[in-house]
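Chain IDs A, B, C and D follow the sequence of writing; residue 1 opens each chain.
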Amino acid sequence: MTATVTRTEAGRRDGGRRLVDRVARVRELGIVVALGLLFGVTGAVNPSFLTYASLRDILLNSAIVAMLAVGQTLVVITRNVDLSVSSVVGLSAFGGALVLADHPGVPIPVVIAGCVVLGALCGAVNGLLVGAAKVPALVATLGTLYAFRGIDFAWAGGRQVNAADMPEGFLSLGARSVLGVPLLALVALVVLLVVGWMLGNLRAGRELYAIGSNPEAAVLAGIRVRRRIVAAFVANGALAGLAGVMWAARFGTVDATVATGKELDVVAAVVVGGVAIFGGSGTVYGAALGALLLTGITSALAVLRVDALAQTAINGALLLAAIVLDRVLALRVAAALRRRRFHDPAEPDDRAEPDDRANPADPAYRADPASGRTADGS
Amino acid sequence: MAADLARTARRWEGLILVLLVGVSVWASLGVDGFANGSNVSFLLLDTTEIALMALTMTLVIVAAEIDLSVASTLGLSCAVLGGLWNAGLPIEAIMPICLLVGALCGAFNGLLVTRLGLPSLAVTIGTFALFRGLAYVMLGDQAVADLPPAYTSLATASIGPIPLASVLVAVLAVVAATLLHATGLGRSIVALGSNEEAAYFAGVRVKRIKFWLFVASGVMASLASLVYTFRYASARADNGVGLELAVVAAVLLGGVSIFGGRGTLPGVLMAVLLLGVVRNALILADVANEVLNFVTGLLLVASVLAPNLGAVWRRRTSPQVEGKSVS
Amino acid sequence: GTTKSDVAQQSSASATAAASSAPAADPNAPLKQGLKIAFLPKQVNNPYFTIADNGGIEAAKEFGGEGKEVGPSDASASSQVSYINTLMQQKQDAIVISANDPNAVVPALKQAMAAGVKVVSYDSDTAPEGRDVFVNQASPEDLGRTEVQLLAEQIGHKGKIAVLSATPNATNQNTWIDFMKDELKKPEYKDMELVKVAYGNDDDQKSFTETQGLLRSYPDLAGIISPTTVGIAAAARYLSDSPSKGKVKLTGLGTPNQLRKFVKDGTIEAFELWNPADLGYLASYAAAALASGQITGAEGEKFKAGKLGEYTIGAKGEVLLGKPTVFNKDNIDKFDF
Amino acid sequence: MNETPVLSLSQVSKAFGAVRAVREVSLELFPGEVHALAGENGAGKSTIVKILSGVHRPDSGRILLDGEPVEFGGPADAQRAGVAVIYQEPTLFPDLSVMENIFMGRQPRGRLGIDRRAMRAGAAELFGRLGVHLDPDQPARGLSIADQQLVEIAKALSRQARVLVMDEPTAALSGTEVARLFGVARTLRSQGCALLFISHRLEEIFELCQRVTTLRDGAYVAEDLIAGITPDDLVRRMVGRELEALFPKQETEAGEVALKVRRLTREGVFTDVSFEVRRGEIVALAGLVGAGRSEVARAVFGIDRWDAGSVEVAGRRLRPASPTAAMAAGLALVPEDRRQQGLVMDLSIERNIGLAGLADVRRGPLVSRAAERERARDWAVRLRLKFARLTDAVDVLSGGNQQKVVLAKWLARRPSVLIVDEPTRGIDVATKAEVHRLLSELAGSGVAVLMISSELPEVLGMADRVLVMHEGRLAAEIPRADATEESVMAAATGRSRG
């Protein structure tokens, strides 16, 4: 019982190989490939798809969904979900537009801030229901999805706010470009980078991953779980509020039905972006790429003169293709890594790899399309 | 922890039952036109499709998966029915084909989930669009309405105040409840929903069971499509848009855990009825639609919140039962 | 087995049976007091229907009745059926409905009619056996043709045009589009080509993307017709910020309030619409006339509709509201709806 | 000793509903001392640990920190007071890297947020002290139980706490790692740290600890200086009676070959593994942690796919990657990770026991609850399971009792080939003897038993033959007569080919 022997030396590093591994393991690889395919093929068929004006439109189109996807990621990482975002967007869009139309004296930044606060409040309701009252997130936010929309309807009472009612300075926010990049896309980009950095480099951000990865262990590790979950929901709500004003500025015509049903688009973007729906892994970059892919598909179909009746089907098929591609790539990469490690035992062991075939006993099986790549989300 | 859950579940069904009875009594006394045969009959009939799909959705969610494509499968099946009817096939031949289409849709979901190990939420969001899109491809913008009266009247027929369609629901509910709560397969479903890996280690054929659950879900969706088409005498590609959320909401209200492994069919059926009764009574009472949605949302949240708050409150007041009691 | 042809025979037989048993109308019967009239739009909280139904409720007040608006918040046929059933339970005198699915609501409506409820359809018709009278906002033929004429004038009868519609299943839009296609066959439009019908699903974002797609895939597009209020607003918003503003002409159906800004800034030259408030108003009177026994819905019967004057029921029980108004820079400020 | 204890419990009690898990127990932890907590399964040891760590609030009694009463509102409070805990069951974040698991909530910060380099270095340094070779960047998902346990140890060490509480840290470890851990623990002790140590391996208590507190059925029995008692005394205090010999393996005649594994290979995991197990035989599979023993067992039972080779049961080749086929052929596997693989924690005891044998408790198409309960009760009694009701979720059982449920589940199937992976992990001495008697009895009745164990005394006491694995290959086959600690360890560490 006293023999002291070590296992084979495992921790050695080999710079070049490690870099290749790193690239191969990048969580978002599959979706980047899918994006490349989409733009490549569409551009080849119709080069106007790749013109500056067209790319600018696609960026603009994806800005709002991308921002919602970033917010949703915060929540999904903690093993929760927020289905009520679309209703929050609607509420905030209508509220903002109404203030702008009926009280032209209120400065635009104040209105924007107000919408963000409104969204944050909605998020706080969700957060308290989930974090403090322990209502499963899906149930809670399905409930508030109906409830917030109900408030929106009651508030609007059939009223519509039109472009002519809102100040020109506000509407131009939805269309203006800075250095050739649309302002809305820029806002979304800044949000993306800030949230991405926070998730990767702040203790609070890492704690969100920890909570989603193993909620009970998070409590034992002394993480203030409740506070973090509420914070995630509040942040998501605030982003949805911001997305709401962006919506009003972009589309100009606002009534109580704004963004109805968009929650599924957002969840789809997040899932396609490789964020594990059961929490603990995935990045906001992936989610944003997912949003870009989804809007890219819609735009491509519109440009490709695809028969209108077939669009929905093709949209669904491409979405599935993207998920499958991502998964297959992940399996291939993992299998290749395992084989190589076998022939080169000095490589550190990575036992999180998925098996060649899905296997319920395989830790990766239950997780997202491609777990078993990088461990931490950044 | 788990003992607590089990007790909550028991309490939960109790809660839903109390609510159901309470709302019904209130509506019978306070709302004109609620407590008469034709309204009750209509109310029951109106929950048919949701009830049918909720049966299999319960099984799927207990197995820790989800099927968001049910409403689209329903739409596709309707479109197939319409298309074949236009092509002149006899309706008796079309119906089995529709069920087959539903089975294929379910099998497609099932294969992607079990063979590739993809999360079912992602897969069925994809097929949600795909199946609906195929319905449009199939039937385009046509509406097929000249369906055989023998069948359309059968779909709305009733024995006393009980619609025939509800009898169908009742029979299938008994089958599903027996399956889930009294057979080995049901035990396996609960186990794999709670801990898939342990179930696999215990020899449960995890993948096979999941696959067939998705198939069942598809078949049930197309069965619901038959009821839907005949009931409304209209086959269109956009039939049943948005029903999936209603089904999921009913299942969750019925106390099924979205994380799998927990939930009962009686609870779900009561929840379906509760939602139907509330809607019907409120509409009859001329409550505005926005309030209706608000109430639906509130009901969903409150049904979970109430027992939780109770537990939190008891913990505050007496630290003695802070942990979980075994008794 | 049961096939399509058996059914066709059966239903024609039953149709003739029903037609023979219509009660006679009494054109001089006074409008009953206290009539309960319910408006069932495709969707509540939709600004267009809110205006229309308020017009109808206004009318009900005028003739001493009681109007209300109920309905689903999703534009689906199945939820409309729930409402028809409850309205029947509530023993309303008449239902004024804009059908989400012309067929799916029929069984329920028939049941209601059998229980003595009068049914008027407006905006979007049901199958004829499901209602007594259809109040048509404008003849579809008129609408379809005038839209093409409006656009043709703006683009000088030359160039590629496209249509941005609502959903592929929208009954109204599809009829109008058929008449547009028919109009385009006339020789004066020989230089115009309808290149695509796109569907924005009455969703802001989708309509936006589809407009972009049209401009991308047809760089030489001359004009767009969008016969839906959501579509035209989204297309106008997109065009107003794009280099194509003023170059690609846009017309269609929209409300003046919605499009005022775009008419003033030159994105849109002219578009048209009927007055939705008048539509509801007329439907309300038609319902009252039916419920009072003034009319039965047969061709040639006449009834008075308050401030709008007298109307005659046309073929297939249709009442036509009148010609739509064309809005442009000069007259738009006179309207507020 | 007249110092004040750093942390002490005074007359604490804790009940879970009707179960009185801890009754008026007092305990004092002194700096520079390793204090052992001994008791049978379900005696209340882990409950004490959870009281010390702030997870449970005691119903009565006080916690004293440096002689002052404190209240721990939650784990965060205890951590702030300088208490670090290794829980009985690993509490890792599977999606995060090993280093983040160690430093969660306390990551070193640089100018731009978390300083990964410093974190990596910190983890590497901790692993160095423990002598393990884990990649700090590797995700925790998929770590073997032993590696998880090592990460937990590293995590607790990284807190540099004044009090270190270890709830069965060695249960999944083999001799080498245990020795390392003890080395580290002694260093901490000499630095003035107070340690609480729990283990069912009595020799470990005697090797490491200075003082031992014994619990029986939640109640305090005695506190002794280790120097003053013998293992037999300790067992008597725990069990309340004398125990018969620990490893009563009876000699049996080995019958025909029941399990034959030929040249089994799973790339990157194990290579060219061949062996056979005869009816009536107990074959032990020994080796260091990570040698690939569990992986072989998983592959044989059909959990994992293998790349080459074959498995035969009673002369018939087994379909690969199908646990159902393996079960039909008479195989049973008691897996090493009971929480993940062995049990469905939310289900009741009887359902868990019934899960692997649903076909046996059927009446027509329906499950007979009576038969299911009968079967569960029978095995619960035979394994001396400590439980309140059979309908309780296994979640509320103590760790050792959970292990018994897993055993019951598989034994109830009456397998002809039984593979047990660490069957006595976390099981108390008395029950361990019971399990050994059972295995021996099974072998006697003609069952072929393959036993994976990291506990050398168990291996030596039970096995007719010892197979030793080293780095994914079979390094040696040692017959009972030649099996000694030295010969097995030599093969396990690759120093000799047996």
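Everything that follows uses one rule, which is that a residue touches a chain if its C-beta (ideal position, glycine included) is under 8 Å from a C-beta of that chain, and two chains touch if they have at least 3 such contacts.
Every value quoted in this text rests on a predicted model; they were computed, and no experiment measured them.
Separation of chain C from chain D in touch steps, taking the shortest path, is 2.
More contacting C-beta pairs link the chains of A-D than the other of the two pairs A-D and A-C. In terms of their C-alpha centroids, the spacing between chain A and chain C amounts to 39 Å.
Chain centres here are Cα averages; for chain B and chain C they lie 35 Å apart.
One simple way to say how far apart two chains are is to compare their mean CA positions; for chain B and chain D this gives 43 Å. Counting partner chains per residue, chain D has residues 303, 341 touching two or more of them.
Under the contact definition stated at the top, the residues of chain A that touch 2 or more other chains are 149, 153, 276, 309, 311, 357, 359, 361, 364.
Of all residues in chain C, those that touch two or more other chains are 44-45, 73, 168.
Inter-chain contacts, as defined above, occur between A-B, A-C, A-D, B-C, B-D. By the touch rule above, chain B contacts chain A in their complex via residues 68, 112, 114-119, 121-123, 125-134, 136-137, 140-141, 192, 196-197, 199-201, 206-207, 242, 245, 248-249, 252-253, 257-259, 288-294, 296-301, 304-305, 308-309, 312.
Every residue of chain C that touches chain B in the complex is listed here, in rising order: 1-8, 10-11, 44-45, 68, 70-74, 76-78, 81-83, 85-86, 89-91, 101-107, 127, 167-171, 174.
Chain D meets chain A in the complex at residues 53, 55, 74-76, 79-80, 85, 87, 91-98, 100, 104-107, 109, 112-114, 124, 131-135, 137-144, 175-176, 178-180, 267-268, 288, 290, 298, 303-305, 321, 341, 456, 471, 485, 489-490, 493-495. By the touch criterion given at the top, residues 44-47, 49-50, 73, 168, 196-199, 204-206, 208-210, 212-214, 216-217, 219, 230, 233-234, 236-237, 241-243, 257-262, 264 of chain C touch chain A in their complex.
For chain A in complex with chain C, the residues that touch the partner chain are 46, 48-49, 53-54, 57, 61, 64, 149, 153, 156-160, 162-165, 174-175, 247, 250-253, 255-258, 262, 295, 298-299, 301-305, 308-309, 311.
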